[in-house]
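Two complexes, one shared chain (chain A), two partners (chain B, chain C).
After this line comes the complex of A and B, so read on.
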């Protein structure tokens, strides 16, 4: 558990760097590091498939997409952020952490233990037999995503200029 | 024992949610705002999986997280395409340049 807490703290630190970094490329790389650590945490929690998906898809593919967008919008790099954001961040984070710890200790400790429902079978059986409706939803969302990207990047035809 | 672990995971997931919310509320760059949304998504998937661990139904939680990750990819693709189109229209990634859309 100690190692897990160290990993969680490292994930928070990487995400904080991603939020506060001025350079967008550094922020994207910090986001990739954060999801890499999250993948390791998933793996150690006994969820290897979620960990593999997190590392390969989120840390790999989404980072590539982010870098592509940053490269395509190079001149937009110089958006001026207000300076109080970085100065006020530690204060806000400290206040939030105190509230967080108090709530978790005070309220959530009284939440009755979740009833366990022991599972049988493998990950594939659960995904394909119990959650087969989710797969249809996934297909629909992927199709909608592809169609909307195509619509966003379609070539302008002559009617648009008239 | 399991209960304490669950609370630790929830604590850190709430931290991730706070970071993403702070980014969304304070930043002005569109790509930075989207990084904030991604961080919130990471916190949510951590909550899902840790609750599955506490409830001893890790396989169900895992399949939900995998579904979420697949949906996240198409969300990212569409949102980044929208950001590129906004950049072409405005020549800027500043969120304040979008205020001229208001009626």
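After this line comes the complex of A and C, so read on.
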């Protein structure tokens, strides 16, 4: 239990750092650390598939993408950030913490549940046999992301004649 | 093959950027429009015939072997598929001319098709988690499309939209997690069966509240509407038309209706909440629309108000009320699509969206002005156009169930709607033509053609409303009320 709390606290700290860090590279690394810890929490709570995905995709793949993007941006592309972020973030954090303490905990303790085995079967079975429709949806989300990047980072050429 | 509704647009959107390298304009135009036209024809013929024997659950096969992709088609989803393909096709036709000056047309169509695939997937899902995933597919594509112009205003609107949409997705996801934790199931019917077994009204209520918040944000119902008046006007006109005409309805109204009826079996408390959320949205957004000087912003507020009618109708829960709500969904999709397209034509011709700067444009743009008037009259509920019948049905259903107060609100707000649309007509199209617009020309061919097509559909729906109602709307309402 204590270890779990330490993990959760570390995850929140890493996430907060990712939001507040001015240096994008540090923010990306902090995000990776945060999802790495989340992956470990998934493992410890008996959800190995979620853990594998969290670590491989979020901590691994996405961090690589962030790093590549940051490497490609020019130095001096500083964006001035609004001061409200510094106030807004702790405020949101506080609200979420209060909701968690006073509402979610009460609800979760009272949630009745039917007998059922989560994540039954092997990894391959779950992925290919149980949730193949979601897999198509996930591919579509990635496709949408790639197309969005292509669209938003295109050269703005108002006279691109054929 | 119902799976085509998801697979085909996705496959085409994946190759479109490559096609765009070979041909910047012609091929992407033809490809995107052909796909949407094909899917529309199939919805009207093949898929409808498929449904003749009752709801269909289709098992997808890959190289002869069954894979576990099960999609379901019933009257409600077929009605939504029809609406989605119909409006998207008109929008793609309009884009042929309109998107010329934005550049990168192939990319634009690719994103549009992904969004359509996401909406189609959502409509065909029978499972809470698939609903969530396809919700995200459509949403991710729509963020990029809102920001497509790459100006400061567009980027800010897209960012605001993204932030609020993420909150919505999180609420939906927590709701799904709660139900999954309780019942160990994700399919609509399995979750419903589990909930009946557990009799845990309190927790189910919390899950329902989370869904209301999440899908309410997606549908931009008041008080969750803050993002819409920024996002919809900032997007390119055809995308404003898709967002207002389709996306808020599919990812907001459709999802909440499906889940309220099929998972929660619409308890009376939920019905009351839906009705009052609808009624508040109708009135507040109508007043907000009155004060707008920006043409597209006025239309955006009007969307919130009209979605309120749809939710009010569905929330009644009686067969007539649901049918009225769905009919209004259809009428609003056509008319609001039309209004946003014509506003795009006006903006492209004059370079402004400010109603105070316009005036007398009907003299220079007769087709645009005429079609805009038809859309405005339909939404305001002027007979014999489609919007009149759907509002009438909703009001009759309200009186039948003894909700006289809500019926009065619906009638009075309709007058307000007519009022602000007449303000728009007077300021933009009627009156004296200002000197600076004397050289304005009518919109190019495809833009006018798409507007005229939608206007004809609006008129046709009104004139042949009995046929449209009995062949498309009634089966949809029956399917929703009966459950799959």
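Here is the rule we use: the second predicted complex is superposed on the first by the 89 of 162 C-alpha atoms of A that agree within 3 Å, B and C clash if a C-alpha of one lies under 4 Å from a C-alpha of the other, contacts with A are read in each partner's own complex, and residues count from 1 in each chain.
In the analysis below, a contact is a pair of C-beta atoms (placed from the backbone, for glycine too) under 8 Å apart; a residue touches a chain by one contact, two chains touch by 3 or more.
These figures come from a predicted structure and were not determined experimentally.
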| item | value |
| --- | --- |
| First (chain B), second (chain C), both or neither touched by A:145 | both |
| First, second, both or neither for A:102, with chain B first and chain C second | neither |
| Partner chain in contact with A:132 - chain B first, chain C second, else both or neither | second |
| Which superposed partner A:28 touches (first chain B, second chain C, both, neither) | first |
| Touched partner set for A:154, first chain B, second chain C, both or neither | second |
| Contacts of A:58 with chain B and chain C, given as first, second, both or neither | first |
| Per-residue touch tally on chain A - higher for chain B or for chain C | B |
| Partner chain(s) touched by A:19 [first = chain B, second = chain C, both, neither] | first |
| Doubly contacted residues of chain A, that is, touched by chain B and again by chain C | 113-118, 130-131, 134, 137-138, 141, 144-145, 148, 152 |
| Partner chain A, residues of chain B touching it in the complex | 3, 5, 7-12, 14-16, 18-20, 22-23, 26-32, 35-36, 38-39, 42, 45-46, 49-67, 69-78, 80-85, 87, 91-94 |
| Footprint of chain B on chain A - complex, ascending | 1, 4-5, 8-9, 11-12, 15-16, 18-19, 24, 27-28, 31, 34-35, 38, 41-42, 45-47, 49-50, 53-54, 57-58, 61-62, 65-66, 68-70, 72-73, 75-77, 79-82, 85, 89, 92-93, 96-97, 100-101, 104-105, 108-109, 113-119, 121-123, 126-127, 130-131, 134, 137-138, 141-142, 144-146, 148-149, 152-153 |
| Parts of chain C lying in touch with chain A, wherever the complex brings them together | 6-7, 10, 13-14, 17, 23-26, 67-71, 101, 103-104, 107-108, 110-111, 114-115, 117-118, 121, 125, 127, 129-130, 133-134, 136-137, 140-141, 143-145, 147-148, 150, 178, 181-185, 194, 197-198, 200, 202-203, 206 |
| Sites on chain A touched by chain C in the complex | 107, 110-118, 128-134, 136-141, 143-145, 147-148, 150-152, 154, 156-158, 160-162 |
